[in-house]
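Look at the two complexes coming up: chain A is in both, with chain B in one and chain C in the other.
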Partner chain A sequence: MAEQAYTVASDSETTGEEKSSTFPEIAIGVDIGTSQCSVAVWNGSQVELLKNTRNQKMMRSYVTFKEDTPSGGVSSQLFHEHDLLSGATIFNMKRLIGRVDTDPVIHASKNLPFLVQTLDIGVRPFIAALVNNMWRSTTPEEVLAIFLVELRAMAEAQLKRPIRNIVLTVPVSFSRFQLTRIERTCAMAGLHVLRLMPEPTAVALLYGQHQQQASHENTGSGCEKIALIFNMGAGYCDVAVTATAGGVSQIKALAGYTIGGEDLLQNMMCYLLPDSQSLFKNHGVKEIKSMGLLRVATQDAIHQLSSQTNVQVDVDLGDGLKICKVVDREEFEEVNKNLFEKCESLIIQCLQDAKVEVEDVNDVIIVGGCSFIPKVKNLVTNIFKGKEPYKGMNPLEAAVCGAAVEGAVASGINDPFGYLDLLTIQATPLAIGIRANGNNFIPLIPRNTTMPARKDVVFTTIHDNQTEALILVYEGEGKKVEENHMLGYFKITGIPRAPKGVPEINVCMDIDAANVLRVLAGVVMPGCRQPAIPVMEVRMPTVDDGHGWCAEALNRTYGASLNLVTLQKKA
Partner chain B sequence: MPTSLTLAVVPTVSPRLLQRQSSDRISLRRISLSVVATATEAESGKMESRRSTASLYEVLRVEKDASTMEIKSAYRSLAKIYHPDTVVKRLPEYDNGREFIEIRNAYEALSDPSARAMYDLSLMAAHGGRNSRFARPLGMNLSSEFYTTGRWETDQCW
Partner chain C sequence: MSKKKLCITLSNFLRRTTSIHQYSTLNFSSPQIKLSSSPFQIQIPNFHKSTFHYFGFLRFSGKRNRCSKSAEKLQSSNSRCWNCDAVPTASESEAPFLFCESCRCIQPVDYSIDYFQIFGLEKKYDIEAKNLEGKYKDWQKKLHPDLVHSKSQKEREFAAEQSARVIDAYSTLRKPLSRGIYMMKLDGVEVDEEQTISDPELLAEIMEIREEVEEATNSEALNHILSQMQEKMQIWSTAFVDAFQSQNFEEAKTSIQRMTYYSRVIEEVVKKL
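Showing the complex of A and B:
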């Protein structure tokens, strides 16, 4: 069915010559959430959300494996409770992608109603769906790709043209390793990622457009406005501070963490059934069913607590296990106290990083699925001394709309009315640097550096006649390299023999506007203008799974023999 | 290739000031005509000295006594022209954001009052003798002249 729609679309494309010449391919905006996803496109004057055949704008992010044909939440009939209970449905891909089995987020995913198995050695977890009483192995990438293929077919059928370019929103806290996984996933689905946009920055762009329109209407009010964007979905919590004027949004700071509705749900499940972890450890067919039932009941309860102060949970998990309990809102808030505190600290950190005071913030924008939770709304407004949140944005659609606008801006389409006279200047969410001075992490590009960026630092050898050096590239905020993500490594060879501290090893990091990181390293001997050896250029990340292992193996094999230190310039 | 084209600043104050790349100066000047008319010092005829020591003020096309607001709005209007997201529309020779980085560095330096004060001092010092140079890592030259990154066909394969 999808195939057919595609053929029809490309036929009409060839006949509609003039249409394709005035409109270069507009990239579509895609927001794949942990729980829900949506697609939007710029139609020349505004953003339009695409709907599936069931007239839904929001589609559940899941894939059910049945027999030989997996089907995702875009095309398949309904999110049958049965699917969730049979072990054949994989979801929460966005929480699983690009993580190793020592990651706490993976461990927390072990009581999902499908198989997430860990060996706790730093390799990718084993994920499988139960099909005909057999565990069919899969990967988060595969599941996401199946889902994206469905989304793509849907968009192609509606827009009547082939879709290749997309702007995808991603959580702020995604490592570069996770971003490459996402890009690879898109490539599997035949999609080219024009931009990966941190979710709150997509919202910032939409806000910029709102401001631009407002200032067109009453001319002269083109002064700078500062907005704080708080976005909490099912899997991630993101915060951004943006300064907007004249359609230009400068991202001043970003902060993000892996907390979301899923964690609220898991905490509640633990609260309702304290020994759920051990009960469900075996992942038998029965346990999966109980797990699914508990999940659905808890989710419903949390949803209801957004509008009412208490809720009756009444669920039969089978095997004589029944939960019959009244839960009130205070209990829910108490159970998730730590999570809400973490949200607060993210906001405060983001404000500090942006060097912005609470009073300076003109607008507070709260979006994402969790924005319906009263406690979430309160905790944000309390920080801003009761300031009313910004209205005029749909909390579930803001990110995808921003992505669609960015898709149009970055595609460079003809824009006679100046709707797209917009720009978001992005910043790096995490610091990037190399290992030097022992086990220390030396950031070259600090967190919240404006992109595109290019920075360099000069290092030198630590041994006399050291002819080789290892460049180990990390991303993160820890002072020691072990606390950060390794992105890759390479060796510089052929350093001219010299006493230690003499060769100048210049390491340069370059991030272009498409967020591609390249690490360059060159060696210069004092007094020479030309580099002593050809400059090395390495695109990062280069490491696949088990990056923790690489660092250990390198350390075991080479010790400190190829180390570097920062070069202290003589005055 | 001239060797002492780049501007020298005390690195301990603000290393980001060191990102000057003078080789792009000509193209920047050409395009600057279409930009804001604040670049009044551009026609002072000192083409040679401008190329060799284009100041951060010149990069942002503002006067030396420009206010913070003027600097900010100059940065924004230049960003709209030179940011890679918008530059593809206007300029066929895509420079991978090099111009924008330069504009950004100038903005960062001039929008921070203490960094700006230090920079103004260094400008005055440099005005005295053309060769007055500050300590500067050698590698910096390297980065501007040899580190050219491009886009590769295989970028999609990652």
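Showing the complex of A and C:
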């Protein structure tokens, strides 16, 4: 196999809005799942999924490090579950990307059969693959980039043209920091992200297309239809409510959380071998193998429980450690009770945010790898009073197909039948705001705001003659800033000397249709028409690594000296 | 008519990101918008260059100004497409000119077109909110920035502004409360939702309801409060309409304030349910 070096493209290339005016190609749709990946493209009349040389549409998301070139799940010739588990193979990149070592998701990843180490100080975790008995450090970005290079080569070979533009699906709960990481990863693989689509919104677009086709063929009513999309894969659970009419889909609400098949698997592994965490702490070759074996056996058992009510788990983990147990479906459901409850609460939250009643929902769409689990299907249909889920979408392919349709729409392709006459109006999945009133998070743009969006709030100083203020931008749902992701910060200087509470510091947040977030800050003294200092405009996120650290350092150095409070309007 | 004072908040300086030094002179005495009986001019940033929209950031203080006009009279003779110079066709002139049908080109934002006009509605409180969504989607299908990738930078900026404005219009008109506040704003009356309550009667009522909500444990009690609140909302929105029609803006403000509180209670109850 020819060597495929990955290249680092500059950031400006990844943003390249200017280039979008002349598209040489139809952007392809890519769905990088925690466990599996797929690629699809609009072939002129419909969406077509691309297959690798082994005729697979779904490719495992992993990269195996070797002495020479690493190889990923797209191209490797030999495929056996157990090869994944020699310590040299890194997977679950999507769960690990853009997270610091204080993140609970990183902590939960410590029993993966490769090295994930944390120092719990808010920096990148130490991730490494075992190659010839030596730990070779890597990052989720590097692993994903290697994988994407393979994916790209495969697509180029099949479509017989160079591939540059892609539409990529992402989990709803990804922070903007994580999105930046994903974009950079794509740039490393020489790919330009035309659009990042939250997974259920890609499904919503596909649903919109179905409705459009149905109304063309006069089988549909052509009036507005509301659908709830529940998408649970290996790493993430996402929910969306969409209202579609005439090819236009308005995303009314989004909700997402980091729970998926991986968590079900972890819980089951703990159940089958309660002290697995401590047993596998050492990450020696033997332990990694045992961990791997347990993982494969548990995964098989969960898969079988989707079609049968009980399953025999019989696995020899080595060193006299054997598991021989019959597990039935109720046990599996009981072990994962909390996770299923969380799924329910996401759906309910999403309906509430969308201001949609259960009765108003025309279609319930259940997709993602976990949709095969009977309990998952039941919990969704129970909320909708036993309503039959929407048929006509392949649960594993819906997201990538939606991404491919979006790729064609965004590339300006027209379809003679109007099947690409589509539009998705997106909403912001997470609230964005700044730190003010002490350690509180003051959202400026609430979650589920239609994009493009702009909001502003007036703040003021907390000290007399305060001439500088720190604008700390966060994203999330927590009331306190530390519960949210820090996206960046900047300082406004040159505030005219005045008693506290007098200067009006106007902070404005703007998200354009391309989902670019800008934060503007200006200062006005009461009675003046002109801003006291030039307006600062900063594109977010600005922080790169270790933002947990950085917030603490800022706090240590400046305390409350640069703080702000919201300005109460005088009656 | 009393002297009009125009005060500009900081927000509109903030909008001016792409064109901080480019000003254009906008004549407010144009036939589209009657702010004052005598022509006067004000310098505001060039709309065309800016990525942002301005409406709502210019605050008009002073008494009622008659800027509500029926949609048909909207088109002044000088509105032409910036791109192809076409005059809106007969069918178009019924609707506000946001989009040119002859060259399929998005027009720059015209802030004299109010939210009601965008939706082809008469400026009144009682509208069928259900019908808004269809019109909203029709506009987005013409104006959304996602659909103009291949067009010029200029038109992409128009798309961003127009689309954002239609979103604002839609979300404002959809909810009765924000619709009412917007109507007041069009008539030059600012309503501050955050204003502290000074009416002791209302204050006592609010406290009482708060307590009720806190103590309510079952859905039956909550539903009871909910229907009570909805009833009150209805009463006060009728009061608002009456006050507004008779141009009693103080009374209208009071109604809005009450509606604000009741809607908050409704939100709280729904969350608990």
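Worth pointing out:
The rule is short, and it goes like this: the second predicted complex is superposed on the first by the 539 of 571 C-alpha atoms of A that agree within 3 Å, B and C clash if a C-alpha of one lies under 4 Å from a C-alpha of the other, contacts with A are read in each partner's own complex, and residues count from 1 in each chain.
The working rule: a contact is a pair of C-beta atoms (placed from the backbone, for glycine too) under 8 Å apart; a residue touches a chain by one contact, two chains touch by 3 or more.
Keep in mind it's a predicted model, so treat the numbers as computed, not measured.
After superposition onto chain A, partners chain B and chain C are found to clash with each other.
In the superposition on chain A, no contact is made by A:P499 with either chain B or chain C.
After overlaying the two complexes on the shared chain, residue contacts for A:G522 are found with chain B and with chain C alike. When both complexes are overlaid on chain A, the residue A:L567 reaches chain B alone and has no touch with chain C. Of the two partner chains placed around the shared chain by superposition, chain C is the only one that A:Q352 touches, whereas chain B remains out of contact. Legend: residue contacts after superposition of the two complexes on their common chain; A:H192 is shown touching chain B, with no touch to chain C.
Look at A:A410: by the touch rule set out above, it reaches both chain B and chain C. Once the two complexes are overlaid on the shared chain, A:R454 sits against chain B and chain C alike. Superposing the two complexes on chain A places one region of chain C into the space of chain B, and among 4-12, 202-210, 220-228 or 256-264 that region is 4-12. In the three-chain superposition model, chain A touches both chain B and chain C at residues 224, 245-248, 250, 409-410, 412, 421, 423-425, 450, 452-454, 456, 458, 504, 506, 508, 510, 512-514, 518, 520, 522, 524, 529, 531, 535, 537, 569, 571. Here chain A touches chain B in the complex through residues 180, 183-184, 187, 192, 224, 245-248, 250, 409-410, 412, 421, 423-425, 450, 452-456, 458, 504, 506, 508, 510, 512-514, 516, 518, 520, 522, 524, 526, 529, 531, 535, 537, 539, 567, 569-571, going by the rule given at the top. Contacts from chain C toward chain A in the complex involve residues 8, 10-11, 13-14, 16-17, 20, 51-52, 133-134, 136-138, 140-141, 144-147, 149-153, 159-160, 163-164, 167, 171, 192, 194-196, 198, 270-271.
Contacts from chain A toward chain C in the complex involve residues 18, 20-23, 224, 243, 245-248, 250, 352, 409-412, 421, 423-425, 450, 452-454, 456, 458, 504, 506, 508, 510, 512-514, 518, 520, 522, 524, 529-531, 534-535, 537, 568-569, 571. Residues of chain B touching chain A in their complex: 3, 11, 16, 19, 72-73, 76-77, 79-80, 83-86, 88-89, 96-98, 100-101, 104, 108, 135, 137-143, 146-147, 149, 151, 155-158.
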